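Structure record follows, encoded as structure tokens.
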Amino acid sequence: MVFFFLMSGIALYGNKRPLPPLRSINPFTKLGKSIGISVEAGKRIHLALGRGLITSVNAASSYIGLNVMQRIARVATVSDRPPVATSGDASLSLLSQDSLKSAYRSMGVQSQFNLSSGRLTGVTPFSYAVGAISVINDEESAIDVMLGNFGSEVVLIADASERNGNASLAGSDQLLAQAVLYASSEDTLIGEEMFAAGAYLKSGVLHRASLYAQDTMRWLIILGILIGVLLKLMGIL
Amino acid sequence: MSDIRCPMCGKTNPEQEEICQFCQARIKPLLVNYDENESDQSIKSEDEFEATDSGIPDWLRNLRQDESRELFGNEDQGFSAEKNSSTDFDENQTWLSDLRSDQRDESDESEEYDFSSSGEEGNIEDDDSFPDQEIPEWLKNIRSQPADSEIDDQKFGAETYQPPFVESESDEVVPNQQDHFLPEASSFTSISDRYEPKQDVSDDVDEKIDDEYDWVSEFVELEKENDKQPDMQSFPGSLEKIEDSQEIPDWLADLASYNETDTPHKEDVIPEWLSGDQLINEQVSEVFYSPGNDYQEQTPEWSDEPLQSPGAEESETDEPIPEFFQGTIPPFTVDIENFIGDEFPEWLDSAPAHAVQDIDGSVLEDDARIQRGDLPDWLQAMRPVETISSGHSIVTEQDNRIESAGPLIGMQGALPAEPDIARAKKTPVYSSRLQVSEKHQLQANLIEQIIKSEGEPVAMHGKPILATQQFLRIAIFTCLFLALLVPMVLGIPKAPPNQFSPEAFMLSRLINQLPGNAPVLLAVDYSASLSGELDAASLPVIDQLMIKGANLTIVSTIPTGPMQAERLIQLANQVGGHKYQMSIQYDNLGYLPGGVTGLLGMAELPRQLFPYNLLGELAWQDSRLSGIYRLADFSMILVLTDDPETARTWIEQVQPELGDTPLGFVVAAQVEPVIAPYLADSAKQIQGLVSGLSGGYSYEILMVRPGIASNYWSSYSVGVLVVLILVIGISLFNGGIQLINQTRKMGHKEQS
Amino acid sequence: MKPRIRDPFSASLAIASGLIVLLGYFLDTPLLMSIRQIFIQWSIILMAFALMIGVTNLAIVHWRKLTLGSIGAMYSAVILFSLIITIGVVGYFGPLSSFSNQIYSSVLLPIESSLMAILTVSMVYALARLLRRKFNLFSIIFLATVIIVLAGAVPLMGIEIPGLHGVEGLRSMMLRLPALAGVRGILLGVALGSVAAGLRVLLSSDRPYGG
């Protein structure tokens, strides 16, 4: 509830007055440039949404991936090769198709939408990774955006992207994926930086408000932990 | 009818117009027809004057016409007042100087005639500076005239007379310096009375000579007396026209032979009446004393003196006005009756002859020089000098510098030019080659190379068979493969047993405490990719459960889980010698979709979610599962997973519903850091943990039943060692290269 | 853009469903519990059908690649053939038959295991080139941590390095303190981000359902 009120209040404040600026995150800065280069070169943008179930706790990272995919699709509709979203979960693939369709509709080019733009490449992690690698190798992608719930299999996708000379941006909510991505990917989003993607891509004032609410809640949690430690040391708890 | 040009604005006007239509300036000067017998003087325009012209010799008339034409301009000449005045002055001075030269002796030509001095003395005849010449009678008659003239100076002074270039409304008269130097006919008012037109005038000359122009006849008589033929070559152009049309009088021809030997100097030529105004003197000197200027030779001495007010009877130098000039009409009015007659006036003859120098400095001969005339004192006195009589010469010492080079050569008072500009030099020839610096040249060459390279085909370098990256990958694979294969095949080296694992011991103790035929829920949530590790880690645990005779109920939240579970049971049967069968010792309920939601549902409603097993039989009617309605009814729950999120989901979502039912995990090594906190004494959310191959090997040691983990242990140990060596070695190598590169970059930066 | 009729309906349905399940966690009332259970069952059924739809979509994509002769059409043919065979065998003989086990044990398992082996090589290669790609302090710390944890996991050919191995060794201490603390911090941040993402869905700011 506290989070809800914080987010709503900041969003209302942001509608009237400008919110404080965000710190620079290099991967997001390079993402915009890479997308533009990819569109101009007539190459495809590949979005790997991971294998997180929308009914699980990993659904939040999947929603972030879907949001970023929508933002990118609106920009890349003018490209000769439309963007492709791969996922390792069936429900996530359905949502990706629906999101792409809405992005095309918002740009007025719904006729250009193809169901194969959002596809299920495998039901297991490694089969999903192999299917994503085939998209990177065979469909001339220029940039690979990996945002979602990934495991260690994301290394294969990042490695294939690097061997093809593509630009890559990767982020996962799993610690294992973050660890391996730090060593293998060009740009990695560590921790909860992935959840700030919506705010940095200007998806809306509520995204930015939620980011400020997260920071506020983080400080409140830190304060609570410190107070708990003090109470524990004092023997109260 | 030809148009005439206004001397002020330069625009053309009809010939009959006297005032300019554009600037309202007078186009034609006012000509006063002065007759000493007349009481009033009438100022007439040129046309009127010409209309009443009578008794004027043709040559004089033509001369005047030429002068007026040059003064007032015609359509062809593009006339300007100053030019006209200067030209007019040139012409007048030319013929006047010629006239003077005819009656002057050569011996006294070097002497400068000081008109003022002659004026002071009042009698030219008494002036010693003049050569001993016979004074014409007409000149004598002029001098004998009474000083008090009936001429109203106010009427004919500067106040009434307005030069052509001055607007009629303006009372201020800006005297044109050159106009004052014009040998107007009024200068010779009294003289003209003495002259009569020459009788041998050509037929073209108007024969109507009025009685008012008796001076013309006197002039003719004077000419006869002198009986000198003028030098026609020294005559100005206007006279040349006369020469072409009619016979030149003798007196005029005699005047033309007059030579001036002395070069007029500034201080010598400028009369006193003119020198009073320094400014005017300077301007005059600029105009008249510049080398190469025709004015130099033509400037009369009398014109160099400063102007004085016309009303002043005496000049500033207290020079009395000669008698023959007193009572005469003011300047700028031409009285044709008083114009020069046949005989050249004595005062003109007595003017000292100055050597005239040519542009190159050579002394001109008498026949080549241009005579210079001086304003008489009376004329000087009548000059309106208020506006210019500042007492200072306008000519400064700096202005006395005579230009010796350039287009203004011979002029005085010109702005000094830079030596480089004034010096005549050859036009510099500039190189047509573009001046570029070396840096620009390099850049231009670079751009040119780039453009050239655009059209050139680029040689395609063949890809190496084995790239560096591929070589490194193959090398790593080879090392790992050998490290894993050799110990497994050869049995060497033999790795020592693993250390004791307390977590594995906890799980082993938990299973030992289970009763016989206890219902145990087995969740197989790992994929086939990590089956090698988890099979080795979970087999000893499954073996112990089988030894205990536990009734296993298998579920899975991943699609391949049920198949993986079947393979695990078969493997456990094979390794442990058991004979567990479907629907007898264990039940495989299959795949549970929904992830966390499915687990929540299974935790609360397991019977509704799994009504059948994989064989299609009713799962909960068997006696082994008849007492199971919730997950908490199971004796133990064992989760096999390779995903930390799945482990967390089980712990966070299912464990609160279990109550006292113990929860154990067999996980991959990568999951251990995530769920290890849940094993802590403070949390106690899980009661046992087997992590990876090392945990399985420890469990086998505890059970004293060697299995797959024992077989993999040596390869695993050697493989870990080889990985360590590879990582450390290659990292050190790459780190060293990077360090060297950065050091070099820093060195280059410091150098630059 | 013209608003669609189903946009507000889908949004309101999504918001209502999420609120009901959320309230069911906090309010232990029989009505909310029963509704929550119904929603859970429906979601499980939908997930099962979503899996079938996903597999069908996969088949359609590869069929299109095969018919159009795109790059990798041969692999698409193998995929389709395998799919058909597996569905046929498992559907006919059952998932517990020996044939099904053979397909799983002989095809799927080796493939997955091989991919895992490739992953191992790729990870070692990435780790070895880490300093080449990112030469900074964090990379050096990362590499040192990996080496310490890896070396302390097993005795090196029977040699236990004092201070590194054992319960009180460096590895155990690193796992218990800095690693665990970092994990908890990151998990907290991820949890906050997940909450924010969920609230955005409830507030209909994020519409992954294409509304």
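To keep things simple, chains are lettered A, B and C as they appear, and every chain counts its residues starting from 1.
Please note the rule applied: contacts are C-beta pairs under 8 Å (C-beta built on N, C-alpha and C of every residue); 3 or more make two chains touch, one makes a residue touch a chain.
None of the values given here were measured: they were computed from a predicted structure.
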Count the touching C-beta pairs: is A-B or A-C ahead? A-C
Need the central chain here, defined by C-alpha centroid distance to the all-chain C-alpha centroid. B
Quick one: chain B and chain C, Cα centre-to-centre, how many Å? 66
Rounded to a whole Å, what is the gap between the Cα centroids of chain A and chain B? 53
Could you tell me the distance, in whole angstrom, between the mean C-alpha positions of chain A and chain C? 14
Got the chain A residues that touch at least 2 other chains? 53, 55, 57, 123-124, 126, 152-153, 175
Among the residues of chain B, which are close enough to touch at least two other chains? 469, 527-529, 559-560, 594-595, 597-598, 673-674
So which bits of chain C are touching at least two other chains? 43, 47, 51, 111-112, 115-116, 119, 122, 125, 127, 130, 183
Which positions of chain C touch chain B when the two form their complex? 37, 40-41, 43-44, 47-48, 51, 94-96, 100-101, 104-105, 108-109, 111-113, 115-116, 119-122, 124-125, 127-132, 135, 140, 143, 146-147, 150-151, 153-158, 160, 165-166, 175-176, 179-180, 183-184
For the complex, give me every residue of chain A touching chain B. 53, 55-58, 123-126, 149, 151-153, 163, 174-176
Listed in rising order, the residues of chain A that touch chain C in the complex are 3-4, 7-8, 53-55, 57, 59-64, 66-67, 89-91, 93-95, 97-99, 101-102, 105-106, 108, 115-116, 119-121, 123-124, 126-127, 129-130, 134, 137-139, 152-153, 155-156, 159, 173, 175, 178, 180, 182-184, 190-192, 194-196, 198, 203-204, 206-207, 210-211, 213-214, 217-218, 221
Which of the residues in chain B end up touching chain A in this complex? 469, 527-529, 558-560, 594-598, 643-645, 648-649, 670, 673-674
Complex contacts: residues of chain B adjacent to chain C: 469, 472-473, 476-477, 480, 493, 495-496, 498-499, 527-532, 559-560, 562-564, 566-567, 570, 582, 588, 590, 592-595, 597-598, 600-601, 604-605, 608-609, 614-615, 669, 673-674, 676-677, 694, 716-718, 720-721, 723-724, 726-728, 730-731, 734-735, 737-739, 742
